[in-house]
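Across the two complexes that follow, chain A remains constant while its partner is chain B and subsequently chain C.
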Partner chain A sequence: MKKIFLLLVILGFCANFVFAQNVDEIINKANLVSYYAGKDGKSKVKMIITDSQGRKRNREFKILRFNVKDGGEQKFYVYFEKPTDVARMTYMVWKNLGKDDDRWMYLPALDLVRRIAASDKRSSFVGSHFVYEDVSGRGVDTDIHELLGEEDGFYKIKNTPKDDQGIEFSTYAVWIDKNNFMPMKAEYYNKAGDLIRTIEALEVKDIDGHPTVFKSQATDFERGGQTVMEFSDVQYDIGLDDNIFTERYLRKPPMQWIQ
Partner chain B sequence: MIKKFMEYALNKPKVIISLVAVFVVLSLTQFVRIKVDTDPENMLPSSSSARVFNDEMKKEFALYDILVIGVVNKTDSNGVFNVKTLTDIYHITDDIKKLDGVIASEIISPSTKDNIEQGDIGSVRFNWLMPEPPKTNEEALHVRDEAQDNPMFHGTLVSEDGKALALYIPIKRKDLSYEISQKIKTIVKKYPSDDKYYFTGLPIANDQFGVEMFKQMAISAPLAGLVIFLLMWFFFKSVSLIVAPMLIAMATVLITMGLLIAFGFPVHIMSSMIPIFLMPIAVLDSVHILSEFFDKYHVYHDRKKTLVFVLDELFSPMLFTSLTSAVGFFSLSFSPIPPVQVFGVFVAVGVLIAWALTILFIPAYIMLMNPKRFEGFGLSGKEEKSVFLDKILGVIRIITTKYFKPVLVITVILVGISIYGISKIQVNDNPVRWFEKKHPIRVADKILNEHFAGTYEAYLVLDAKDKEDEVFIEPKMLHYVENLQNKLLETGLVGKTTSLADIVKKIYYELLGGDKVNNVIPKSKPAVAQCLISFENSHKPDDLWHLTTPDYSKLNIWVQLKSGDNKDMDKVVKYVKKYIKDNPPPKELTYNWAGLTYINVVWQNNMVGGMLKNFLGSFVIVLFMMLFLFRSPIKALISMIPLTVTILFIYSLLGFFGKDYDMPVAVLSALTLGLSIDFAIHFIQRTVEVHREKGTWEETSKEMFAGPGRAIIRNALVVAIGFLPLLAAPLVPYKTVGFFMFTIMAVSSLATLFILPAIVSLKPSWMFEENNKALSCKCSYCMLIALFVAVAVAYVLFGYTTAGWKPITFISIGIVVMFAGICHMASKRKICLMEEK
Partner chain C sequence: MKRIFFILFFIFILVQPSFAAWPQIHGFIETDYGVKLSDDDTKRDNYNLFEQRLQLRANHYFSGDNYLAQKGGALSFRGDFTVDEYYSGKTDFELRELNLSLTPVDFMDLKIGRQVLTWGTGDYLFINDMFSKDYVSFFTGRDDEYLKKPSDAIKASLYPKFANIDFIVIPYFTPNTIAKGDRLSFFDSFQGGITGVNSDRDIIKPPFQMSNNEYALRFYRNFGSNEGAFYFFHGFDKNPRSYKNEALKQLYYEPVDVYGASLRGPFASGIGNIEFGYINSRDDSDGNIRTVENSFFKTMAGYTKDLGNDLKVGFQYMYEQRLDYSEYRDNLLPNDYRWDEYRHLITNRITKLFKNQTVMVSLFTFYSPSDDDGYVRSSVSYDISDQWKVTFGANLPWGEDDTTEFGQMKRNKNIYTRIRYSF
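Our next item is the complex of A and B:
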């Protein structure tokens, strides 16, 4: 009897272990699919920020991305086109794992390049309802993942930050498409258990064999308001040079890639 | 018809008493629906343009009603900027975020606000001001230094002296503020320390007021009842007899309040005073009936016969004194301030209810009493007679009849001085001062305004005519705003202002490396725009939209005033008006004010103008009624003199002693007219009657300063002392009302006793020239009446056009119809028909 009980415990433990393996595998795949498609990539973005009163603001910019290591470090370059007053502004982000990102910006009207010390990745991305982490991806090791189940062709995964210092949510749930591992929806909850924000992929198309988000939306349920990002002119493996992701190119944008 | 009712009351007393009981019970059932309204915004109709604009701006700039919690530490040399206090504040903020009704994302606390500062290796850093509790004192002081250096926080979040902190808790609805502040107090108790937490902000003050209001009603109203009971016992020495007026007072209060609640009106600071106004007034008529019954019972030795005689005798004066009182209160319904309208109309209703109850209930009650109790009534002179009172009355008689010229000269001089005093009156109100000095709210208010730039908020909204060109990020417009802000500080009334210009300057110099030399507005519009988009990369980019709109066509300057005095806000408003007129902005704009501190100014201005109109209006109507009553223009005018002198004199005291002309004082001015005319009515009517018997003024005056003089003083005492229990109320407006009503009643009774006899002595024919001709025979009189009717009609119509057609209007029209009905019934009385023959 005792032996049977012990066996059951061991079996249970193993099952859990296998399950946990699965969760991390799913998360890793999803991370690669959503943020690391190709060796590099570029895209044009139109951003429509709508506040709780329905007031809209538009921004247009180009994004260049370069993978230093698949699933690891990445570099981003953002070139602003609209509104006119901020045209030619550039941002650069070196995404690091396990430590803070490096960020720079160039303000043409002040002719000023400044390094930005980002103490966390949860600050707003240029005033929108997306945060930096939504754009560049949240490190897979920063959360504890838990597979809640499978529903309607999605894996539903609960994620709890290992360290909640400076983070406005307490958990979030992600729905990942079982077919192509694209995360389609994320729901963020606060300590009281209220839904405070969602991120959704509204439109996914296939480009060169990579499932690609063409329209996504971030909604703020606390203050109200949402931001829609529309992607166009998406290209992968265009042969970007690591060199252009340096301070020098902030002032002098690599026009061949952003036009 | 009225006579029939009264006869019915005499014959079927039980029916009448059960009917009254039914009404009282019905009214009591309404009390469960009671609603309380302590929001000073409701001093303005919800449709008023100032309120509409305020609501729009609150929405447009995401402004909320805010509870302010000041944290002060006196033991640590760095004040609250030590590890323990900041750690407590960190956890307290976290707990507050979870409370229902708190807008967690908009809390202003060191741990919820983003800061821009210099980072390592020449970087600029966007970070939470206090991302985690500090571990060392250096970290605690770093929080202070960064907050001091940020125009958004200096003088707001952190005190100017760097020792105290204030948390700003936005709430969803103002009426939650008391409840939420209680919950926060419980949270604070979980973290014991030397720190003191002070709660303030207008929403707390208002909500707290509601709580104290009920205390007032629970203390002052019963106390007034007790005082009146004791006074009457002193006059009549028969408990079973004076129970009747007490019951009438209670029934009147309960039915009136029941009606008020049944009509769906909330109990406001004004309407909470209805019981205390009604109680003494309700008792007055019964005092007359009982007095007469007392005197006449020995003549008839029959309750019914005595009552019939007494009621007929007193019907007309009782009706007129009730009507004038009702008119005084009723005139408030034309005030532009809704709670004052409600108060006026319902006290007027209450006065009429009291009148109806008196002529029905008192006879019924007497009929039900044991007849044995009446034996010996009137004969032994059980009625209290004061030698002292009679002596004083004698002295007054001699002064006013022998030395009438000096009396009149002194009166004229007094009027002159009073008018000068009134010219010095200062109009001002401040909801925080509604509390007594030692009240926690006043203490918190004082301490926080010592440490911080000011806890009274107003918003100056600039609106550019050009909606397309993002006007307010143009450097020349920001310079204009910056100058305006500097000028506001120079007035000394404003502790701090915050605008987009401050944010832009802060971002600009931090981006350029943190050197304060660059604490200026950048030179070009793209530069401003790029500074702002940098700011938008913070945790709280939406903070920008408290100060401007996303199209940059509107700008909100947040003005913090040191005091909540309306007169100070008023000065700031006038200053800005003049400044913008003298210094036209580079691009055309309109501007307007929002915020509770400003709303208070708007209704105050309405109140002053409105109350003056009410006063003049009720003056005209009362004068008209006196014309009708005395059928002589000269008597009517004379009857108005004592109370006019009294009111002038008392209001001049405000000017001389520097007491503010605030809401309660303003309201009192109109309604005291209707109450204090009673003395003159009684005096003149009795004088004329006595003169018919005695023939000379000399003899008449002797008689007048005996019985009727005593009656006037007695009535004055009942009303005046009846209001004194308000002094026991914990809230200042109630005390003011108590003191004022006491003084007005006391002074006007004395003024009546001095001035009227003096005038009669000057020219007795004014009073005693009998007037037998029909009204229409006297041309001047007829014209005067026509004039007053015209003025009264114009006044009433004007009142409705400004007050608008609301439920209260229809109730008041109903009352007019009721008045008409009473007049009709009164005119059909036997006496009237006989006189006509």
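Our next item is the complex of A and C:
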């Protein structure tokens, strides 16, 4: 009897181990698929922000991305086009792992390069319902991942932050496409277990062998309102230079990549 | 000034065939109104800001086979048409930007023409940024954009491997716009107190000649996430702090050289910055000429932190020391005003955004324990839509004495409102 019990414990332990490895593998793949496609990339982004009273605002910008290390450090460059009061503003992020990102903003009317304190990755990105982490990725090591099961071609994974300080949700579930590892939906829950926020990929296309989100939506169920993000002119491996992600090009946008 | 305009106009004519299409024009139209909260002897009792403004801006990127297109040439234009009710509906045009930028060789960018220039690490505090500012706009409540005055300049930015270098030549001197008694009252030493329209001092600008060119140089580079910079400036103080001829009530902008350095980077889960500068007063290096401002040493340290939920706070401390103080003191005459040797200044900024970042509440406070003065600058703005924006704000300088930086501005307290339509 005891032996059987012991065997069961050992088996259970092993199964858990295999399972755990599996879920981290899935999360790592999903992270690479959604944020690291190609060596670099560019895209045009249109955001339609709708507040709880149905008022709409638009944001349009170009985004350039450069992978310093696959699954690791990245650099982003954002060139704003609309609304017109922020047109020609540029924004740069050096995404770091294990320490705060470095962020800079250039205000052309003031010729001012401002360094932005960036400890809060859960704050809204340009007033939308997406937060910074949705745009640049949430560190895979910041959560404990748990595979809840497989349903309709998706892995369903529960994620619990290791450190919940300053985080508005208590857990979130993510549905990852089993075929291409693209996260298709995420649901965020508060402590009481209420659904407070979702992010959905509404349209995914294949570009040069990389599954690519062309339309996504973030919905806020607590305060109401949602943001639709539409991507166009997506290109990978265009040969961006690390040099573009410096103060020089913050002040003088690299028009060959922006136009 | 006119010369640069003509040069650019000629470039424009020459390259005009390469314009594929006329550039898009954007800008805004706005109305500003600022009510005075204190009495003084300026031109108007009720308000010190009442104007309509139309800003137009356009950019053109050259295309085709010509030289400018191959070298990434671009023209930038930004200009403001104003109707100023403070001066009974006076109309004006202010050219804020008209410049040509290009990359003639890979490691160098050039920007020629009228441009806004800024560097340094302070927030509303400037040590190595010796470019001209408009403090009348600042104290009356115009948008922050108008604190920076454009300069007519040639800027060469070089990017060798080891560092980045900016070198600027400013052939035409542009002073700070400061209170002169018509719109804002200030301390006028010739009048012996806070003065309005009675001020009749005469400010002499350095004449337009080669030897009066201003030069500004910055070396900067990143060390990981940290940014270090060295600065040098050769030119003139942008405020008239020295006397040319006391009997004629003449002031002038004394020539200065500024040497400085700064460091900025992540610190204690926020952003920290330090900067210092040594300002050598070239006409009075030893400090014994009583009519000319002495040399200075200035330093500051700042810290900004993001507290989450769109709440940010920042603190700064600045220290200024008038050098060769004993020489200065020993050469004063009995009736002269005697300025202090030291000044300590602390600032605080709190910014909070609400409602999907469409409402911004901002409070900026200056306080000098040594001068016993300060300045509270607060504003609330609301983006009604992508086009419409309203702003309410207050400018509340105060001080025990009439002679200190903020104390002399204490009768200019105001609240203002602005409505802007962007297109």
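To be clear about the criterion, the second predicted complex is superposed on the first by the 259 of 259 C-alpha atoms of A that agree within 3 Å, B and C clash if a C-alpha of one lies under 4 Å from a C-alpha of the other, contacts with A are read in each partner's own complex, and residues count from 1 in each chain.
As a convention for this text, a contact is a pair of C-beta atoms (placed from the backbone, for glycine too) under 8 Å apart; a residue touches a chain by one contact, two chains touch by 3 or more.
The model shown is predicted, which means the values in this text are computed figures rather than measured ones.
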Clash or fit, chain B versus chain C on superposed chain A: clash
Touched partner set for A:Q53, first chain B, second chain C, both or neither: first
Partner chain in contact with A:D100 - chain B first, chain C second, else both or neither: second
First (chain B), second (chain C), both or neither touched by A:G166: both
First, second, both or neither for A:K191, with chain B first and chain C second: first
Partner chain(s) touched by A:V126 [first = chain B, second = chain C, both, neither]: both
Touched partner set for A:R115, first chain B, second chain C, both or neither: both
Touched partner set for A:D85, first chain B, second chain C, both or neither: both
Clash with chain C (superposed arrangement) - responsible stretch of chain B out of 7-15, 115-123 or 367-375: 115-123
Common interface positions of chain A, toward chain B and toward chain C: 51, 55, 57, 83-85, 109-110, 112, 115-120, 122-124, 126-127, 166
Chain B residues within the chain A interface of the complex: 59-60, 62, 97-98, 104-106, 114, 119-128, 131-132, 470, 473, 511-512, 522, 524-531, 533-534, 536-542, 544-545, 549-551
Complex interface listing, chain C residues touching chain A: 26-28, 59, 61, 72, 74, 78, 101, 103, 109, 115-118, 144-145, 147-148, 157, 159, 164, 220, 222, 225, 227, 264, 266, 269-271, 273, 304-310, 312, 355-358, 383, 385-387, 389, 422-423
Chain A residues touching chain C - in the complex, by the definition given at the top: 49, 51, 55, 57-58, 82-85, 87-88, 94, 96, 99-100, 102, 109-112, 115-120, 122-124, 126-129, 166, 225, 246-248, 251-252, 255-256, 259
Residue ranges of chain A touching chain B (in the complex, touch as defined): 51-53, 55-57, 83-86, 89, 105, 107-110, 112, 114-120, 122-127, 165-166, 168, 190-192, 222-223
